[in-house]
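The following block contains the structure, expressed as structure tokens.
When the chains are written out, they are named A, B, C and D in that same order, and each has its own residue count from 1.
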């Protein structure tokens, strides 16, 4: 029997390498509501063991399996950037048993985490290119990670122009509102925030993401597009990207599927012969084109 | 042989003999009539498809057959291996007009389902077959040494052949337990009956097994239940084969509230089988599809038949016998027995 | 160990009669065994057999379901419907091999504080006679036993 | 050199195995129903059935397996992993088809990036004593699937039933450690010959004619074929074929909790279950039996070959024998191969 106490883990790194199913202990540092419908909450976790913190390297677009002991595990995209050291952020939609528990969890509670899992965004390809980031609703989490990463002084010169189009149904449903304000003030990022329906305090743009994209009309030259959002948004935005002459190879998206193991063993998240958890969740449209439409 | 079985049999010996004599003839006739009716329905476009039985790929088997064109109708067959309760398919065919081949028990399921408003009244065309009782393929397999490669029926015999044997078995000795006690072999509700109604009599006292079982001590009864359910592999075949199991979310699958775990701990297996059976109270036609589907050969009908018996005794109700009486657990009588209540 | 065993009994009481009856027993200072834990349900017809089975599986020693007397149901017929469920369930559980008396049923009205105490007393005595359940309970000892290991 | 084990020595042999190993072998649960179980007494072992209901994979990948237990004290969780295997194991009586299947799922669970320690630890600790299949059944088609009733790959030792004795072949290094076993005697030439005859007879009996060549390529073009609608019609959506399949390896991970302690458990799961790929949002990429049946067939004959270069079916025949509606995968294979593809019209 391999017994170990999470708090006084003796050889957790080694164990993690050996047994990919054992969670690393983390503690809930902060928890706050993001949206007015009270369905989205951002949780910040910090590592309990210094060693784990050091060993945890990830890139934007990767995800983790969060464990609530006794309730189970669920996968979430990492919303924080690798440049924000020492902690991990996840924005969690209240939907099932695990997420509901996570919404109610108190600060200071211990949870488990497995990860980082998945491939993440193709950071190498983005080098010296323009980046167009299109997000809708709460699929903005890993995009926030991506934006924050490139806005970090150490990384800003790795890519050229950064254009972000972010839409939500109402102003209250926008994520990371304070950061959006901050980014809006900066000159090294072009941010367009739009809502489907404004309210009396909303001074920004009103309009659907596909239309706003048409309006903003970023050049596709030397540009990679990353698009994450609800299927209906993607369905109507994709043709607009085509019209802007983005080739399939330069449009990336992150897929969601039901996952359990996160390491390509348990079966359920496959699209064709690829597993979203292991070979994804980030795919280019050129890749998806070759795969069966089984998602 | 069970003594009660003998008594019952001698009581109906004449009826049984007449039936046996005509078995060959009636099987062939029924098969021809099913095909005829199928052709008629399809050519009139009265139905979108016919569900009946076709030749199985293994000896002693028939297989559910879905037919949409006239040419295919000759693939429809009728024999003593047509064991499936085809009404279970109706749940996924709600947009279609279906011609369905039904035995007595299947027709009872249909009536029970219509109580629960599972389909539109004009959606179904029932081709009723007076049933000669189905043969238990497992009993047959166990009765011979060696693998059966071919099997066919001849009169009241089943002739099975293997590599180096040919055995003739008496059909009557190899029937499903649920079929042996059946007294509703002629479909009560059918749009057409192919074949003459059969005389209704049981080969064994219907509730003989339950009476015998009840004589045991609670400990013995529990032991038996424990042993049977311990073999369960949670494949849900009993649930899926049952026409009455159609809940959008089965209690097994509910995560909130979570009634039970999904593993193999004995108590969870027992929990599953108690509730699966109990949910059939007053709804089970006793067709035995659950037991036949089980790959681990778990006895299941001794549970559902008990419930059927209780419902009969307490509320004088039999599932699927008439379309008017509501299911017993959806109604009440002021005079219902209540001596068990303090 | 068994000497000190006190049964835990779960009582599902209907909101309108039996629960009020239990309340009356309390306010009237009528003593009854402390073994009973009460869950208030809208009506005895609300009882899903799953509740009873889940309780038994979780290690409850006995279950009592109590509702309004016939004719008194707040929802007119809930207790009659419940009565049919109870009758079939009780018979079925005993057929499977559960001991008679493990699951019990009663009618107690809002005015019957004394009767409530008497019913609980009787049920507790019955369960004590039966002793702790030896079947179907998922105890921590068995927890983790998997059939193929 | 070949060895033999007299049947009168069989039980003592098992007894001697049990001193050193945990012994897993077929056990009869009811007439005609057998599974692999850990053996406590040699007379539990029942080799009379031609194959068990549940396949050999269950010894390495139990249907329900605890991954770790946890206990909560205050705000901390003490986690105890159950990945280690305490004793060496022997599987006795595994049929060549099941052993083939184990070799297939080895590839999934060992994997390049991640190792499934629960499976791999058990696998490494296990010696497989195969049992040649002298009476293959008519639904068996192992010979069509790169196997055969006497296929030796994967067995450490192979037993061949000669009637009075078993002929023993030591096939691997692990197998060779049995060389000095006191119950093994040198086999005589006539015994070796009679084993050969049995092998020839059995091999002739299995169906090697199933047209599987090229099926992967064909399926590439059949994702949206109306074929799936038709083929799934009679399937009632139970999980027998996937649970009894020796190559199916999907699982679900759940927590089972008792107040302050609990365990994480993995249970077999099946692509034929509607919940298998249903997302929390309610969206289900495989909403009907059509997509689910397609997933089952595609995974075996297209996706798995793409990843591991082999069809994930060994021809054991279980899904055919136990299907409540007689869904026959051999017919499905033939229909796929005979179907008219879009570009052939």
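Details
By definition in this document, a residue touches a chain if its C-beta (ideal position, glycine included) is under 8 Å from a C-beta of that chain, and two chains touch if they have at least 3 such contacts.
Bear in mind the structure is a predicted one, so any value in this text is a computation, not a measurement.
Closest to the middle of the protein, by Cα centroid, lies chain D. When the C-beta pairs in contact are tallied for A-D and for A-B, the bigger tally goes to A-D. If each chain is reduced to the centroid of its CA atoms, chain A and chain D end up 38 Å from each other. For this pair, chain A with chain B, the centres built from the Cα atoms lie 52 Å apart.
Note on chain placement: the centre of chain B and the centre of chain D lie 32 Å apart, centres being C-alpha means. Centre-to-centre separation of chain C and chain D, using mean CA positions: 46 Å.
In chain D, the residues that reach two or more other chains under the touch definition are 63-64, 252, 254, 256, 265. In chain C, the residues that touch at least two other chains are 138, 143, 146-148. Touching of two or more other chains is recorded for residues 96 of chain A.
By the touch criterion given at the top, residues 255-256, 258 of chain B touch chain A in their complex. Note for the complex: chain C touches chain B at residues 49-50, 53-54, 57, 70-71, 77, 80-81, 83-100, 104-107, 119, 122-123, 135-138, 142-143, 145-148. Against chain D, in their complex, chain B makes its touches with residues 56-58, 61-66, 84, 88-89, 92, 138, 141-142, 147, 149, 230-231, 233-237, 239-241, 253, 261-265, 289, 292-293, 295-297. If you check the complex, the residues on chain A that touch chain D are 1-7, 15, 18-23, 25, 67-74, 95-96, 99, 108-110, 112, 256-258, 260-261, 263-270, 272-273, 278, 292-295. Here chain A touches chain B in the complex through residues 96-97, going by the rule given at the top.
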